[in-house]
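In what follows, structures are represented as structure tokens.
Both complexes below contain chain A, partnered by chain B and then by chain C.
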Partner chain A sequence: MSYGLAGVDVAYGRVVALSRFDLDLAPGSVHALIGPDGAGKTTACKVLVGTRRPERGEVRRPSAHLVGYQPESAGSWPDLTVAENLDFVSRSFGHRRDGRIDELLELTRLRTARDRLAGDLSGGMRQKLAVAMAMLARPALLVLDEPTTGLDPVSRSGLWRLVLRAASEGAAVLVTTSYIYEAERADTVTFLDDGHAIATGTAASIRAGFQGVMSVTAECPEAGTFWRRGRNWRVWTRAGTAPANGTTVAPDLEDVVTAASMEPVR
Partner chain B sequence: MTATAATREVERRFGAIAAVSGVTLEVAPGEIVGLLGANGAGKTTLIRMLLGLLVPTGGSVELFGRPPSRESRRRLGYLPQSGGLYDDLSVMENLAFVSGVYGVPAPDLGHLEAVRSRMVADLPLGIRRQVGFLAALCHHPELLVLDEPTSGVGPLARAQLWDTIHAAADSGVAVLVTTHHMDEAEQCDRLVMLSDGVEVASGSVEAVVAGMTSLEFGPSDPAAAMTALEDSGFCVFPVGHGLRVPDASAADIRLVLGEPEMAVATRPATLEESFAVLSSSKRAG
Partner chain C sequence: MMIVMPVMLLVVFGYAASFDVTSIGVAAGPGAEAVVALLPEPFETVEAGAGDPLEALRLNEADVVVAGRPGALTAYIDGSELFTARAALQAVTTVAGQGIPIRAEVAFNPGLETSAVLVPGLAGLILIFIGSLVTSLGVVHERQAGTLEQLAVMPLTARDVFVGKVAPYFGVAALDLTLVLVVGSLLFNVPFIGSVWLLALGSVLFLLVTLGIGVLISTVSQNQGQAIQLAIMTLLPQVLLSGLIFPLESMAPGVRWIGYLLPLTYFNQVARGVMLKDAPLEALVLPIGLLALLGLVVFGLAVLRFRSDLAPSGRRAVAV
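Now for the complex of A and B:
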């Protein structure tokens, strides 16, 4: 059973948040939804978990008790300890007392912090606690809204460990992020810009689908489509051959997404 | 050449906690230096000391060769992450106000002319950041301090913002960028990486990665393998259903996982992987 969205439209007044948006989430795999602030990532999460009804389109999700959701910048109660937070959620939802809390304390490496107040945890620990709370019910669909934003690389890798574990337990996992390079961490990815999907697939298939030639030059190009990276310019030649003074390079995801967001597809 | 901004072994304690300790940093004219670290790594404390808003408890800070002062404030531009604009004023009102404070003419709006009368609150984030830049640059500062200048904006707006930053540097402005985005780090000439208030690495992206490699492989149970490797002290990053471990030997990986026949590929490490290795070894040591 796969979950996801098909042809979803959402508008807030006259502002279009999502347009004809599709999302396919397979059990046991991780899908990353990547886009800038305001692209529609949080709206997609809300429609998927059912807290926002779309104007149009289809939503496939399991019954509510099998949905785990970590909303953006939220999750735990600062005045409760780590263990109390987990216990409170577990009791509220009437979960069986089957050692899941211990398992999650182990997985998040929060065992030694179990009696600390959530409000006193570092950003990375607090984020892991929020994800653990969403994983308590062994959800079939796990939706994590920007779990890695603002964390250092070590904490980020710890969070991806939780994501991988949830997938290995059979969950279909959706992770949103504004970091383009986190696409590589997921099995499949959708790039979102202004409510529209601009590319979807595996990171490799998205790179392979790039139209044209990318080259790098140290001199400011006189024509064509180009942008700076460090001391060099990246030049995108949509058709034809790359400029003579440039070195042809394989496009990376940043190039592909920058180029795709220039296409007048809407 | 004298550095535009410099800290030497600077330290700031808050009670028992050292938010920044022993950080030495220099930004020369025309140079873009990235200050890279997570939320809570000490970036903001360091910037506040550089701006003269916070007094160091150890070491020294110099702007234009002297301790920060009112006079040095005139010569620097600061763009906070929040944008530094008044939401309920129009673009032109914001710029008129800021340029009035510095006693300089209001800047030319250029391609932002079309939004001159729009309320800042109603503009997309990318445009708001561009207006923030005009405001921070209107008095022709010699030092530009940018706090996550392109965080959260789309790829196109980001490319445009970096064009502006590079143009400022090309004209001789010293630029200090704080960020936790690896993609922003790659735009900088040099990086200073902070973790828990301590410098863990510095130099160009190439120098920081310094030929480090990462092993890529597909264990039979990636989730269990990731836990086992972390318990043995490795930094581990998932890639789809595979894993990457920077700065490790294939023999060690196969031994920990008990998979002697597993295929292991060697790849160049990414900046994020190097940062993780450097910050965890520094913490452990």
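Now for the complex of A and C:
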């Protein structure tokens, strides 16, 4: 049994947010939805959890009792304490106190902050609280919209531990992120750009599907498809050989999706 | 909007801003017909069913009732309509000065105190502030913070969320109303001679309309700035077109109809009627009935908009 979207179209006025978009989420696995700002990641999350109606297409999701969702804006109540936020969500799902809140406070390392107002937490702690709230009901479908945006590497790592934990508990997890390297941690990945799914599969299969030659140069190339990455330039040669002054490299996921986003024809 | 709105507001409010009284309904008791016929414009003769002059005023059958023995007539004037009462008092005094045996008696607000007429309406205005502005800001803030979206995906019905959002504002507004009326009565010596339950009924209906307006504003506002602008746009007409300051009868017909669409118009009538005149339910059936109708329409729309805003997908998903 899987959850997801099939042939979903969403538009905001004349702006197409999602076009014939498919998404397949298997229980016990993490699917990363990556793409630049405005690609349609948040819209996909909203359609999946039911806060946005698609113009066309099918949505497969469990009943509301089995959906956990962390919206892009975190979604915790700033005037409630950490414990009160978790308790409110727990009661809204009709759960009895079974130690789940303590377990999540431990996992998120928020135990010492349990009596602090959510509005007084740091950005990273607030994101962890939001993910904990989404995980509270042991959801069958967990949707996390940019949970790691703006966090330091340590907090990001801690959040991914939570994400993997949710999958190990059997949830089908969807995580959106703008950090492409994070997607390597997911079981499967969809690269979304301008509302279109450009590539879907495991990170390895997406890398394997790369066509052409990727090379690195220190100086800005004069022609071809290239972009700055770190202190060097990446040059993508669709056909033929790499530039003479370039060093051929094996493309990583970031190279592949950057190159794919530069394809003029979809 | 910043160009057209000021001109539009000037035109609308300009036609509304008038203290001139164009009509005073006067009823004649037995033996007073001849004297009533002598009263100049803007007096207009109306029929009053109640035998007692004060009862006729209480039932809103007339603005002035002339009654008494021939040679010792009294013009009973309804003091709860300030400008009408002042115009009537002046006219009756003028007529008495011409040798006609009539004296004036102002009922329900003998001193023609402005505060007695304004405080009940101001209480309504404060309720609109709480109801529409604060409610819309609160709901928009929740949407911006993502907590409304969080609630939308929880296993709660739209009704649960709606009641959860609106009930606290309802409670606060009801408390505010009580405070404003008590403090207003004590500070400004505004009488409260009517039924508390009748005012409570009118207030509950009025609150439902204003809270509904607040929720409606929140459903069409993307941010708190927009909500504030919209709330002010609904607040301004209520201040100027509801009869709170300018008498409805004095407004140009082209803008007067707007006043009849505003909840404060009817709350004002109910509050003044109950507090100053001890008006019974039968005298307030129309404003209370119209408040109920407005409440049904506005609150119903608010519930529908909120529900579709909160859970647009509803049953469209395939539950697996």
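Operating definition for what follows: the second predicted complex is superposed on the first by the 261 of 266 C-alpha atoms of A that agree within 3 Å, B and C clash if a C-alpha of one lies under 4 Å from a C-alpha of the other, contacts with A are read in each partner's own complex, and residues count from 1 in each chain.
Following the convention adopted for this analysis, a contact is a pair of C-beta atoms (placed from the backbone, for glycine too) under 8 Å apart; a residue touches a chain by one contact, two chains touch by 3 or more.
Computed from a prediction, not measured in an experiment: that's the story for all the values here.
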| item | value |
| --- | --- |
| Side-by-side fit of chain B and chain C on chain A, or clash | fit |
| Comparison of chain B and chain C by chain A residues contacted | B |
| Chain B versus chain C as contact partner of A:Y179, first or second or both or neither | first |
| Touched partner set for A:D152, first chain B, second chain C, both or neither | first |
| Chain B versus chain C as contact partner of A:R165, first or second or both or neither | first |
| Partner chain in contact with A:R53 - chain B first, chain C second, else both or neither | second |
| Partner chain in contact with A:P78 - chain B first, chain C second, else both or neither | second |
| Chain C versus chain B - closest C-alpha approach in the superposed model, Å | 14 |
| Residue numbers on chain A that touch chain C, as the complex places them | 1-3, 46-47, 49-54, 58-65, 67, 69, 71-78, 89, 92-94, 133 |
| Parts of chain A lying in touch with chain B, wherever the complex brings them together | 29-30, 35-39, 107, 122-124, 150-158, 160-161, 163-165, 167-168, 178-181, 184-187, 193-194, 202-203, 227-231, 254, 257-258, 261-262 |
| Complex contacts: residues of chain C adjacent to chain A | 144-147, 149-156, 310-314, 316-320 |
| Interface residues, chain B side, partner chain A - complex | 37-41, 124-126, 151-157, 159, 162-163, 166, 180-183, 186-189, 195, 205, 221-224, 226-227, 230, 235-241, 270, 272-273, 275-276, 279-280 |
